[in-house]
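Please find one structure pasted underneath; my questions will follow.
Which chain is which? They are A, B, C, D and E, in the order written, and residues in each are numbered from 1.
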């Protein structure tokens, strides 16, 4: 065994170990580089991006009106059956019987966030919510009714606005 | 080798070969009894040199069960789809190719697991993905499981 | 006559068997390796898989082509984008739809970003397998930057079903280009740190050099693709051999090595990270303007036939085999996932080594278990 | 001098561990089931016994160690008197080490230091 | 009473006299023992808890994290919370385990570390037992803990534990040689094995400075070997999380596990303080012969601060190792010892002897 090789190996080893220790040592003396966040404390400043897929929501305007006509395309497109639509029939002022949604049920526990329901919705009634804290103690709480109680279908702006 | 040359070569080697239409690749339908012979020839002949078995999939065409081999040659870069089929749904049976392409061992186990197709001379033909005591072959079209499968 | 490669496992009833997995820190998921020991030496390795088999292939038979996409995220969750792309490309080819140039460019960039993120996670997990716990946090720290970019554009960090047959779900976020360039600049500084910390470390080299040798013949015969296969000299890069998306427009090297041991597989992935950054840099400023999706019918029906599409994921060759009978549901979808073949070689290259080496070898194969079980 | 302290420190260990275990026995919950008392086997039912004859490689090291450790014990007194004895001690330790190193080289050559 | 933090001799004497004068000698001794016992018990617990906290915080900062920050300010009560949690955990009995040995193992590891602490010189006069073969005693006792580890692994009836235990056995006995021989270098320099004597011999400079090159080599070897002997850092093969899940203590639960955990940190403290005592002058302030002004300033810092400062320095080094390096494999571990450290150590001893003979060290 070559004695020079033997000692050369030892010095090479120490050098490579020192290179690694320099990296960790650098971070040890630079605590400013910490990247983790203190989560519940920074809840106020924590901003989700506008496209963040938190959960499916139905957009309601200030009059508690939504755009969902209950066509059921989202239900059809959902691969996991996480959307169920229960429709109801009412008679409108004109005396015509029309279909409205009674409940737009959304199972968050089954949702895989594939975005197909939102993509295919013809009236853009549903979209992504920014809520990200979904933990609950009972999984039945993850079944949500998307239309707010007492909400109604928004009147479509008529195609030819009346000329004053 | 071009697809036509391959066609010529393959029909020289084995009789009873069909070439079904396939838009993308050359496809060969082999009789089950000459599968092993053709596989060996494809692998060992320097001009064809199909040394890379990309994928081995079982298919249930309802009328018959089939195994599809996607082969590529790493030296010549040509591609071949080899197919065998059987109408025997009770006891389907093919020769194993795991000595030719080692990767076939697990693929064949998977096909056995999912379709119940047996491979002769396979060294370790057990269920791969499903439990050992699973009943039925899940990927067959006639597989029914009222509890675990939700029909739409 | 080519040499036949064999490794039939001969079991004895009095073998000293220990199970590595299903609940084990180093199997990266629910994988079970049955190790037969002789002292510290491993006589053979029998992988047992299927613990998280979800029947995705069966599920695909009742899904439309758009719906299949979100299932493919869940094979190799670290290269979700490439898996999506495989199905999308297959459907597009079958329909003979020409997707806009913009889509091709974006897909390629996202592929490479995803590959970077995946290799970073592999790097941290590999370091941890060998006992260097700090690597885990450095890798995740850098990966987090990519995930933030993803989140801004796709809304999700890991399983972004961003591809759809014909194009993309949305256009990329306006900040995307800027942030990606920032990331490349940042990561070019951080990647040498990986080398200092791990690659050049003498202990690491002792642990990995010469361990788990895989020859080119073995790699081909076992179908080992991706960086693991390329480390053995198996030129299996689909990006180079069968270019898809915008890979024919970029200039990049297929990194090949012939040493084929654990250290080579490691080095090759590090080199791939550099190469991925090169690819992104070539494309990021040249994304053409245009639509983010081609015009597609709401219900896609593939013409009758059998289609096969290959893409290169971060772990190897991913193949999608679709058989269509003209309906909106496929008759059969088969996914050729890279890890399935990559795991099978473990006994061949692992037996005869020590327990600690098995951990290193399986780490260097970069296994993702859902990808195996499907 | 205060060697009775040694007993004290011995007892301290016993008291600390014993006390904590006894205390823990009182406050900790108790429940049994079949799977809980099984030795850990990564979630697989345990088949064989863990107590087996183990590879001899480990014991070879133990034997070499024994040789060297006894030597070390002998060298320590030498270390103390080295200063006072001067050259004699130095020559003696050279001879001693020569024998020791020969032993090590022999073991090395014979492959006893190689893991099997 | 004459109490000063620079010299505890008079303080301990005063306590001794006060007790002896007020009661019978037997009672005095018993009271004395109880006081010492309580002090050490408290000291042991505090050092253990602080070290666990320190390691978490150090590794967190190295890994760009905050580390514990929930329980108390900066999370300083985290380890206490963990201790309470571990106390409340169920002690699971393992089927077919050798119950007697299984329960004996934590006793052995803890007793071994307690016995070692007895001989540590914390400051002038603050040393429970000052053996004339002090360093030899420490060297012997600190390696006793491996018996506990072996028993724990063997008695658990788990395959992982068994492999871990046997690995640890092979590892600890091997590295003990290097620990002994690297300490021997200082014994040769100092010419005594009594710890107080060794510290006194460093009054005009620590051995690592006075003994220059060979002392430095011995120090480095000691650091490596002692890290291995405490089953830490890159040498944690007995635990080897990624291979053996938890190694020898896989089957231990609750407070029994906590003792293995505690013993690991105490052993780290013990070897660090041995290193501080032997190479870095123990509680001796930093002195350079001739520089009286600086020496006087250094003297203002109390010895106990010096001792703990040096110990913490060595502990930080060991933590730094642990959080940087990958783990070695068992055969490489033994290679490192038998083919590198041991021959180097033997050469080093000869070199030391030669230097002492020629008087080439700094006097």
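One rule holds in what follows: a contact is a pair of C-beta atoms (placed from the backbone, for glycine too) under 8 Å apart; a residue touches a chain by one contact, two chains touch by 3 or more.
Everything quoted here is computed from the prediction, not taken from an experiment.
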item: Minimum number of chain-to-chain touching steps separating chain A from chain B; value: 2
item: Set of chains whose contacts include both chain D and chain A; value: C, E
item: Chain pair that, of all pairs, has the most C-beta pairs in contact; value: D-E
item: Most distant chain from chain B, judged by the mean position of its C-alpha atoms; value: E
item: Separation of chain B from chain E, taking each centre as the mean of its C-alpha atoms, in whole Å; value: 64
item: Interchain centroid distance [CA atoms averaged], chain C/chain E, Å; value: 46
item: Between chain A and chain E, centroid-to-centroid distance (C-alpha), Å; value: 52
item: Gap in Å, rounded to a whole number, between the CA centres of chain D and chain B; value: 58
item: Multi-partner residues of chain C (each touching 2 or more other chains); value: 16, 18, 24, 40, 134, 141, 197-198, 201, 203, 354
item: Of all residues in chain B, the ones touching two or more other chains; value: 152
item: Junction residues of chain A - those touching two or more other chains; value: 17, 20, 23-24, 35
item: Those chain pairs that satisfy the touch definition; value: A-C, A-E, B-C, C-D, C-E, D-E
item: Contact set on chain E toward chain C in their complex; value: 59, 62-65, 159-160, 163, 167, 234, 236, 240-245, 323-332
item: Of all residues in chain E, those that touch chain A in their complex; value: 58, 61-66, 69, 320-321, 323-325, 340, 344
item: Complex contacts: residues of chain C adjacent to chain D; value: 16-24, 32, 38-41, 354
item: Interface residues, chain C side, partner chain B - complex; value: 1-2, 4-9, 49-50, 53, 55, 57-58, 62, 93, 218, 220-223, 234-236, 241, 305-308, 310, 317, 319, 321, 323, 331-332, 334, 336, 340-341, 344, 348, 373-374
item: Chain A - residues contacting chain C, complex; value: 12-13, 16-17, 19-20, 22-24, 35, 49, 51-53, 77, 79, 112-116, 119-120, 128
